[in-house]
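Below is one structure; the comments refer to it alone.
Chain naming follows the written order as A, B, C and D, and within any one chain the residues start at number 1.
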């Protein structure tokens, strides 16, 4: 008994001494940390992400930040260049055999991280999995692929269910990273998830969930081993201020999603800067045009559009990190409509008049749903909109919801007049952006249906003539801007905090190609 | 030993009740199938999955299945991770426990000297400051303190890492953040215990032996006043883990708290169930330990 | 004074307590002495200042109390003027104390053996092993069976008598010249009480240790004491050797004590039979402190406090006996 | 028992006996007075919010965001404490925020109190298997950390003012149940209850007329401190994104909004943080003081 207490005392004394030691060493931490870092961490590129990677199942997630990591481990058949042109990656040559058959040849000498060569059968395995298994989240983007035919080790054909003008877009985005068939066949899918291998410039070291993913350069990468870094770390730092502080204190080299209000702090700090890049994420208000709601009246929708000062929002709320837009298909995407971009309508007087004409002289009460903590400055934007709408006599009841509740509600079509969303476009093609206006997809959350739009989109989606296709998409955008099932607000841009120690140029598609990031 | 077994047996119905609470919550959460399948999955698939998950059975049947699985340590697959939930939860547990222990350690080294000083110098300026600080420590929201500490120690002084888990340095700020509240409480507890004990006759006896005042206080008085403190510390497990959820978010600490918050946001109920159950089990075990320890530390109570 | 060989001499001791702006003179000008090898009993009701007197000797008066005046001479040393360090050398070594309630006075979380050993090791440079052996010797000396076993025990697992023996062993461990026994038998039943008294007697005889025996039980006083000091409301009211006091108690308070005291073989009780209550410590009466309860009260008693007057080695603080003495003389 | 301890404690009880009226008790404790003063002030602010608030707390002005307090360079007299990230007047928001924060704090305590007192009374009075079952339920609730429980429920049902109050109430009742039960256990052995029983007074009457009034004092201590806990809990929930939703304003909400601006625009988070800290401080002081009055040696722990 007495010995027990004695031992507790001794333990505590030891701990005290230890802590005293710690606190002593922390008084001279600069050299302490400096020395540790200069030896080891200087050759480590650390990137602070707002969310953890979702999974190594590249077919079963739809988060861009996860793809941004995966591009370092897996190769696509095609790669988007910085200007968002398509460039063959694993593919050497390709040709269109007929409207539904494409033929490809693979580059020679590409190997997976375990040394196995990458061949046509790996491509078939990968694309078959995502196009056949309907439970996968990416299935809808790949079910157009009817069959993958292996011709030989380096040659294969892709046969689609109809003309697929956007096939190359599909082959260069989430879900298209080529997986190692042999490795997965031998070890099983779960083993792959625990220790994934790809053919990319970096290979897997470890993943501590909610903490960090560690990669290291792959020495036999077909374009040559990455020399600037010994290690690549993606750290999850959810809290905005913590992420910024981590950058300022030198804990990470690059951070994503810099909140606008922190721009000045990062810029004024020695050794860090902010760089921005346009994205293709558009903030918008979804409008339920169902008869039961006043928003079924086009005048009300127009009044709402006119009452919102998008310029003020981008300037004051987003602090410059956004551009007003009237369409979802913004520059950099196929089918963009330059006339509807970087412009907005704002006319409070006319909005008031429209409200009067629509019979809401004494005001109107609307509900605006918005998800919690999901979109960039979403809460502030929505609050600003509510304030602006109150100027024209529209009282907005804000309904902030959990993300899961929010999606559930929209899937069920249970949303009321308005909801706020910010949608991206991983395909960089108008097809995905405008698909939501088809009667099939719009009937629930938007209650919107326009036969002309349906026809135009159906034609465009299988139109192999790019010029006609462009015109069809532009026409749809004009109709949408007029009828307003969505009231477009702004195209948001992404801000990155970057340490002066690295060269980093953000990309519009938000991918982080670490081999392109170099040391200064 | 007998007592220990008795307490252990008492814990069984408690675990059942917890399983019932957890199950009811999830039952009320509604149909998970919508979240588990893609939006446009065909109706047949949804129905098939519902049947596979027994979701069409009445409440009590579903509950019995749940308890059956639970006894085998199965909470179902997490749909975000695509794995059995329990191993995922257990994988995070060490990080949270590490943080909790560090916080208790911080709380101990702050509260013992402060509590004693406060009691021996009752009503002095120091006592007023310590007592005031203790109340303040409880009144401050945790996350506020955490962010302030980061700004001060990491950004302005550059002395400690901002976030993440790794070296002992990474542990210091989160441990202080989480430990402050407990330190405040224990300081108050030690102070009032010491005040009580310093008036005990055996303290006078110790003095009458010619013992130095230091020994009188740190040996005779402290050992007595620590007995309830040890118990209280173990009983703090519950609020400690609660506080860890917030601290982990501020410091990006990859523990149970962050996992849970995410699981709640994505409605990954398997993870939610598993983590709540694991936490509850942990708390029950710590309470048991507290009880046993109390009996062990205090020779006045006979171990039967 | 007829001190042959005074070990301890208290002169005009004043120990006051403070509460807010009030002063409580718990010990108000007490003087007496203790000779070598002598057992002196200090008698009085609860709150009369006996315990405060004993704690003053050891310098154990806690704030808000303070020794405000007088001297406590131990040999030639004034204990009231010692530094903290010097006090530590006196306590447990030269003068030790036995408290009334051994269960409260022993630290519950240490073994009794350790607590005795601790006292030895504070005052002697001695190895742990030797200290332990010495502690066990002491346990044998105070008549504890299975001392090795008892050494390992915690106070709560011992009987009341055993605990008090442990306390005595602890008090003896420094070979003190003076033991203050603060009602050491009050909490014990009669047979154990007798044994403990016997033990204390034996110790004084063997080691020529003096004992200041504090009690309210006149039966115990008769059993053990050589000399008796009666205190009331912070003052000594009567002092005499045990025979002269028992034969001829002079102060009305002492007389009242005798009247209310239970007989030797009766179960010990608090002395409640005296009319009235001890005066409030805040509002001590003018004049003789006992006049509010005294059956022989005179006009003079209410205004002027009598002095302690000696008559044949018998000291009394009472106008009545002063008058009597005067009348005897004249 | 003539000992020093007794003499001094006699002195103490003598003084307390002399002036034991509640009114003078208040002013005996300086910290108690301070606490009471703070509380009164906060309650007054909450009640008078529409009259003393200089602006509409929801009035957004995106051209005047993040203005500093008026005494800082760049501040305007228009906005005494500056504006937040949406250009809303911070002072007005804090004034109005007191309403929701107090409302959540007090109503959830009422909810918890009602459930807890009822269960505690029944459990303690009837004993036996009822007590056993109820206490196991209490154990189960105790083993799930409060904030975790609240988070899960709010995650499932979505946070609104009403759910928040109900959920916090439904998870906090155990404290009351335990305290009431233990008090009832000792009370029911007392003469007046036994007498009532033998006289055939109905249980309902004994419970509510005889037992309830006797547990009010300890209840008042616990519930006071619970209000403080709840205010902090609400802030923590806001921080985790599950607190009060706009347009309702709570201190926790303002504080949590302001955390992104701590490094650049300190006032946005500092003032609501101060409001919480000061209010909680006041409540704790009052709670401590109530405890001292009702039961100086009580073992009620306030677990914040």
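Methods note: a contact is a pair of C-beta atoms (placed from the backbone, for glycine too) under 8 Å apart; a residue touches a chain by one contact, two chains touch by 3 or more.
Labels paired with UniProt names: A = ABC transporter substrate-binding protein; B, D = ABC transporter permease; C = ABC transporter ATP-binding protein.
Computed from a predicted model, the values in this text were never measured in an experiment.
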item: Identity of the chain that, by mean CA position, is farthest from subunit C; value: A
item: Chain closest to the middle [Cα centroid of all protein chains]; value: B
item: Averaged-CA centre spacing for the pair subunit D (ABC transporter permease) and subunit C, given as whole angstrom; value: 52
item: Whole-Å gap separating subunit A and subunit C, where each centre is the average of the chain's CA atoms; value: 87
item: Distance from subunit D (ABC transporter permease) to subunit B (ABC transporter permease) - Cα centre to Cα centre, in angstrom; value: 21
item: Distance between chain centroids, defined by C-alpha means - subunit A, subunit B (ABC transporter permease) (Å); value: 36
item: Residue numbers of subunit B (ABC transporter permease) (touch at least two other chains); value: 147, 151, 155, 201, 223, 249, 264-265, 267, 297, 299
item: Subunit A, residues touching no fewer than two other chains; value: 5, 241, 245, 402
item: Per-residue multi-chain contacts in subunit D (ABC transporter permease), two or more chains; value: 3, 155, 241-242, 259, 262-263
item: Complex contacts: residues of subunit B (ABC transporter permease) adjacent to subunit C; value: 200-202, 204-213, 220, 223-224, 227, 297-300
item: Complex interface listing, subunit D (ABC transporter permease) residues touching subunit B (ABC transporter permease); value: 3, 5, 136-137, 139-149, 151-153, 155-157, 228, 232, 235-236, 239-242, 252, 255-256, 259, 262-263, 269, 273, 276-278, 280-281, 284-285, 301-304
item: Residues of subunit D (ABC transporter permease) touching subunit A in the complex; value: 59-63, 65-66, 85-87, 155, 158, 241-242, 245-247, 257, 259-265
item: Residues of subunit B (ABC transporter permease) defined as touching subunit A within the complex; value: 34-35, 37-42, 45, 80-83, 88, 91-92, 95, 105, 108-109, 147, 150-151, 154-155, 157-165, 168-169, 172, 223, 249-252, 254-255, 258-259, 262, 264-267, 296-297, 299
item: Residues of subunit B (ABC transporter permease) defined as touching subunit D (ABC transporter permease) within the complex; value: 10, 13-15, 17-18, 21, 25-26, 28-29, 135-136, 138-144, 147-148, 151, 155, 181, 185, 189, 199, 201, 232, 238-239, 241-243, 245-246, 249, 260-261, 264-265, 267, 272, 276, 279-281, 283-284, 287
